[in-house]
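What follows is a single structure, written as structure tokens, with notes after it.
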Amino acid sequence: MSGVSIWLPTGSALVLFGLLGMLLASSILRKLLAFNVMGSGIFLLLLALRPPGPDGVADPVAQALIITGIVIAIAATALGVRLARRYFELSGHTELPEDRAATRDD
Amino acid sequence: MLEALTWLLLALAALFFSAGTLGLLRLPDTLSRIHALTKADNLGLGLAALALLLHAESWAAAAQIGLIWLLALAASATSGYLIARRCLLESHGTPASTLGAPPPGAPPT
Amino acid sequence: METLPPTLPLALTLFALLLVLNLALGLLRVLRGPGLTDRLLAAQLLGSTGVALLLTLAALQGWPSLRDVALVFALLGLLAAVAYARLRAEQHRA
Amino acid sequence: MNATDLLLALALLLLAGSALLARSVQIASVLFIAFGLLLALVWVRLGAPDVALAEAAIGAGVAGALLMLAASEFESRRIGGSRAAGPRLPWPRPQGWRPRWALVLLALACAAVLLLAVLAIEPLAGAATEAVARNLPQSEIAHPVTAVLLSFRAYDTLLEIAVLLVAVVAVQAAPAPPQRALAHDPVLARVAAITVPLALLVALYLLWAGSSRSGGAFQAGAVLAGAVLLARFASLPLDPQSRLTRPPVLALGLALFILIGLVAGALAGAALGYPSGWVKPLVLAIEAALMVSIGATLVALFGGSKTA
């Protein structure tokens, strides 16, 4: 039990990093990356709450949920990246107007 | 006998992996780091794969280990080549339009 | 597992621990850079050490699926390097 | 093994943090790839090889390459092509650093609440595992995760495929930025000519393995996409992506899933059920269609088919 519980703070910290990244980073791509980090944190929490049984194999339901989540996350990321590319194409900017006032990032 | 051989192979593999990592950390420039990494790591992986091959539970498993090693070898060699190439192009400022063209004087393929 | 010689699990465990240590040290280079190239190189180290680690664990724990993960590691490691090299080429030309 | 866990966890956090703080987005995406690889090892450590397969193929492979591509494109087509020579900071520069402490505090509070909440939950070791194991013989699928994905919770998977289809329709609605053809690299082309067929074989193998152990349509689809992307980067003369990303291929998985779900479900007496004795071929058929569709979807999401 204690071996698994390391992953609860780790997952929470990943969620924190992701949140900070999504709130503070100005570049859209960085926000997408932070979104993925946050998702990974959530997945980690999900699996850490279902520690492996005696045979060492993790909960199949949690595994299936996470696999579904990974695939959805890549779809959302790809959509975001495409929109960011289109936005860059049209405006020449890599960050949204409300973030642009703050600074130039890349 | 088999056991001693396994220990020996694993020890050698560990040595090569550590050498590769050490090289990656300590060598002064990128190209020599590529050199350290691609050579030492592939050898380490090969030795480890050989050690595990001795104890594979079936022929299929043995074949898979062999395939993984070959694939890792190809991947490492190719990426080493690609990365080194980019690195050279960038440091010498060679126009990138020559990228992919055979070097001057190379025999036509 | 029962066919393994008695001291083999110990050897494999030691080897796995050493690989994890290597991995952690290699991460220093990923973090320190300095350039993009060095980081990618270190990520490649992560890939090949990961392959070795997965193969070792597959034998140690008797999970054949871990070898499949190693296979995917080996394949996808190439993709990252190729993407890097090709796209940087693009960038240079522009 | 606890020290190993600690080391892995610290390394993971360090990588995530430095990916978010990296000097440029390109570096950030390389760090993200390393993060994905390490996370895959963590999944293995937590006893989830299926997730590790998906993470290695999708998280580290496809997502990393996707971010790297976009970052490279932004970098290369930046107006003027050159940037200020001074050191660039990852976060907003000091003068632009608006007082965002409220946001930081908010995020910290959220994370703290989350941590307290998950610490309060009693970890349920093996509750669902037992339920799945009990019903596994009835589902006639040997691998628990595949049974959950395609039998016990098939609705989830069906809707997931629908979401993927929606995403790809949305992506294709935005016109793809023009891409220049890549230069031919003889070494790369030769290696890719061997690796790409091998990767296709691995995809089929993972699909087949999914019926008895880790693997299945998602992982196979991701490897398939990786193979096609590799072919594209190596500019192999074959051009599979333009045919692969046509609408019928993209919709194949969803269509077949619904069709089999309805027809076989009518025979079995429940939607998305399978008549006994037919489970294995039907599931394999669905998974094969899903693999092709997922692979095509990932390729389409990656860059669209309209490469110049």
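Here are some notes:
Going in written order, the chains are labelled A, B, C and D, and every chain counts its residues from 1.
The rule is short, and it goes like this: a residue touches a chain if its C-beta (ideal position, glycine included) is under 8 Å from a C-beta of that chain, and two chains touch if they have at least 3 such contacts.
Please read all numbers here as calculations on a predicted model, not as lab measurements.
When you average the Cα atoms of each chain and compare centres, the chain farthest from chain D turns out to be B. The greater number of contacting C-beta pairs, out of the two interfaces B-D and A-D, is seen for A-D. Each chain gets a centre from the mean of its Cα atoms; for chain B and chain D, those two points are 27 Å apart.
Note on chain placement: the centre of chain A and the centre of chain C lie 22 Å apart, centres being C-alpha means. Centre-to-centre, using mean CA coordinates, chain B is 11 Å away from chain C. Of all residues in chain D, those that touch two or more other chains are 24, 50, 73, 75, 77, 183, 188, 191, 195, 198.
For chain C, the set of residues touching two or more other chains reads 40, 42, 47, 64, 71, 75, 78, 80, 82, 84-85, 88-89, 92-93.
Touching of two or more other chains is recorded for residues 71, 74-75, 78, 82, 99 of chain B. On the chain B side of its complex with chain D, the touching residues are 71, 74-75, 78, 81-82, 99-102, 109. Listing the residues of chain D that touch chain C in their complex gives 4, 7-8, 11, 14-15, 18, 24, 26-27, 30-31, 33-34, 37-38, 40-41, 44, 49-50, 52-53, 56-57, 60-61, 64-65, 68-69, 72-73, 75-77, 81, 180, 182-183, 188, 191-192, 195, 198-199, 202, 205-206, 209, 213-215, 219, 223, 226, 229-230, 233-234.
Residues of chain C that touch chain D in their complex: 17, 20-21, 23-24, 27, 30-31, 33, 36, 39-40, 42-43, 46-47, 50, 53-54, 57, 63-66, 68-69, 71-73, 75-76, 78-80, 82-94. Those residues of chain D that touch chain B in the shared complex are 183-188, 191, 194-195, 198. Residues of chain C that touch chain B in their complex: 3-8, 11-12, 14-15, 18-19, 22, 25-26, 28-29, 35, 37-38, 40-42, 44-45, 47-49, 51-52, 55-56, 58-59, 62, 64, 67, 70-71, 74-75, 77-78, 80-82, 84-85, 88-89, 92-93.
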